[in-house]
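This report refers to the structure that appears directly beneath it.
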Amino acid sequence: FFGGGRQQQVNVEAQAQELRFYMSMYNHMVDECFLKCIPTKFKEGDLNAGETTCVDRCAIKFLEAHTKIGATLQKMNQGM
Amino acid sequence: MAFAGKVDPTNPQMAKMMEDMQVADMMRLYNDLVARCFRPCVENFRSSHLDSEEEACLEKCAQKFLKLSGRAGMRFAEQTEKMTAPK
Amino acid sequence: FFGGGRQQQVNVEAQAQELRFYMSMYNHMVDECFLKCIPTKFKEGDLNAGETTCVDRCAIKFLEAHTKIGATLQKMNQGM
Amino acid sequence: MAFAGKVDPTNPQMAKMMEDMQVADMMRLYNDLVARCFRPCVENFRSSHLDSEEEACLEKCAQKFLKLSGRAGMRFAEQTEKMTAPK
Amino acid sequence: MAFAGKVDPTNPQMAKMMEDMQVADMMRLYNDLVARCFRPCVENFRSSHLDSEEEACLEKCAQKFLKLSGRAGMRFAEQTEKMTAPK
Amino acid sequence: FFGGGRQQQVNVEAQAQELRFYMSMYNHMVDECFLKCIPTKFKEGDLNAGETTCVDRCAIKFLEAHTKIGATLQKMNQGM
């Protein structure tokens, strides 16, 4: 019970790091999908049908790429 | 945030940290968005002021970006939930 | 009077965050205006007359864009 | 890390700090690598899933990047040692 | 810095924080500047050493960038002062 | 001897800042050399002979550029 403050501190930092990881992953995803799906002539403020479909697919493919690259990193780490 | 489910918000230290991170992220978003939209929308420097076409372009760019962020966030939340689902 | 340290601490952090915001804004402005106003064949170390005028206008337009986008964000926040 | 020689690892505070920085750097590397390889490897959005060609491209991209990092790290360590050599 | 007016420098904690941020910003500037100028100035890898043309290009690039920073900083200070002027 | 904790704290922060500087320098170097030396059609996961030579030279040239720009910054600081 005593010393719990310290334990909690460590825990908060670990969770903060995890949260930062997810935020960075999400921000990268948004960046890449904006680049891939939105032509730079902005005709309107809404996403049109084609853009919406593109974003949905882009987001899912980006997360698959995340998994794929994670697996590659792990394989290489073990191989060395 | 799309990943709010990743942490325990009942812990006051955690809640404080998340709040700080959200403010920092909002500021980052704002500054990044200005640069991102400035690049394609403002291309001539014959005057010191934005013309109405440039203003319209910046507004549409920002709107589109935020709508894309929201949409992508929905997919992000669904997929990351799926990955961590079977607790 | 007691507890003033804590108050001051909060204040320092808030000001630090504001300062970081302005630094980031300024750094982005410099990046964009370098990109827009300086051709990558660097003929001399000084800014020539055309580049100087371009930088002045670019800086002002960038800050106007900042205001415009801030207003757009606020409008959207209220609309949702 | 190529610059591990820059600090005193016997200091426990220092060791803790280096560990934190290494974890943060690894996470940054991972996220950056995904974006970096996604850009040239995934170009069509006619489907919601990676095809085998895209998967192979992502894998080769990540491998090449890590090998380049290692190689460049060797040169980095040699050269920065040279600069700081005559103590 | 162009935005030094944004904070109270008589507060010692604030002064310490600004000093730390200035050092961090200077380091960031230095590293970013190298990458920014390396990209357009160094294009061939037939040798391991910079030739005189590449060296001259790097120097002019860095000088131009710093002069642009200073100029843009003046405009930045003027305009942000205007925005916050009527105290 | 007393107060050594404070001294050490300062020292740790200074070393942390130095380490962050070297990490950023190294990360920029890797980014630039990947851009310069690796064509985006990835034919295999290994570096081929041409790419390996290119990376070696690129890394050394990047560090020379670092020194060159450092000298330029110093010269300008003194001139002003």
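In order of appearance the chains are A, B, C, D, E and F, and numbering begins at 1 in each one.
Please note the rule applied: a contact is a pair of C-beta atoms (placed from the backbone, for glycine too) under 8 Å apart; a residue touches a chain by one contact, two chains touch by 3 or more.
Given the structure is predicted, the values throughout are model-derived calculations rather than measurements.
**Q** Averaging each chain's C-alpha atoms to get its centre, pick out the one most distant from chain C.
**A** D
**Q** Go ahead and note the Å separation of the Cα centroids belonging to chain B and chain E.
**A** For chain B versus chain E, the centre distance works out to 26 Å.
**Q** If you average the CA atoms of chain A and of chain C, how far apart do the two points sit, in angstrom?
**A** Chain centres of chain A and chain C, defined by C-alpha means, are spaced 26 Å apart.
**Q** How big is the gap, in whole Å, between where the Cα atoms of chain A centre and where those of chain D centre?
**A** Here chain A and chain D have centroids separated by 17 Å.
**Q** Can you tell me which residues of chain A touch two or more of the remaining chains?
**A** 20, 37, 56, 58, 60
**Q** Provide the list of chain D residues touching at least two other chains, using ranges where the numbers run on.
**A** 41, 59, 63
**Q** Classify the inter-chain contact topology: is it line, ring, star, complete, or other?
**A** If you draw each chain as a dot and join those that touch, you get a single closed ring.
**Q** How would you write out the ring, from chain C onward through chain E?
**A** Result for the ring walk from chain C toward chain E: C, E, F, D, A, B.
**Q** Can you tell me which positions in chain C touch chain B when the two form their complex?
**A** 17, 20-21, 24-25, 28, 31-32, 35-37, 53-54, 56-58, 60-62, 64-66, 68-70, 72-73, 76
**Q** Mind listing the chain E positions that touch chain C in their complex?
**A** Checking each residue of chain E against chain C gives 1-3, 6-8, 11, 13-14, 17-18, 21, 25, 36, 40-41, 57, 59-61, 63-65, 67-69, 71-73, 75-76, 79-80.
**Q** Considering only the defined contacts, which chain B positions touch chain C in the complex?
**A** 23-24, 27-28, 30-35, 37-39, 41-43, 45-50, 54-55, 58-59, 62-63, 66
**Q** So in the complex, the part of chain A that touches chain B is made up of which residues?
**A** The contact residues of chain A facing chain B are 8-9, 12, 15-16, 18-20, 22-23, 26, 29-30, 33-34, 37-38, 40, 42-47, 51-52, 55-56, 58-60, 63, 67.
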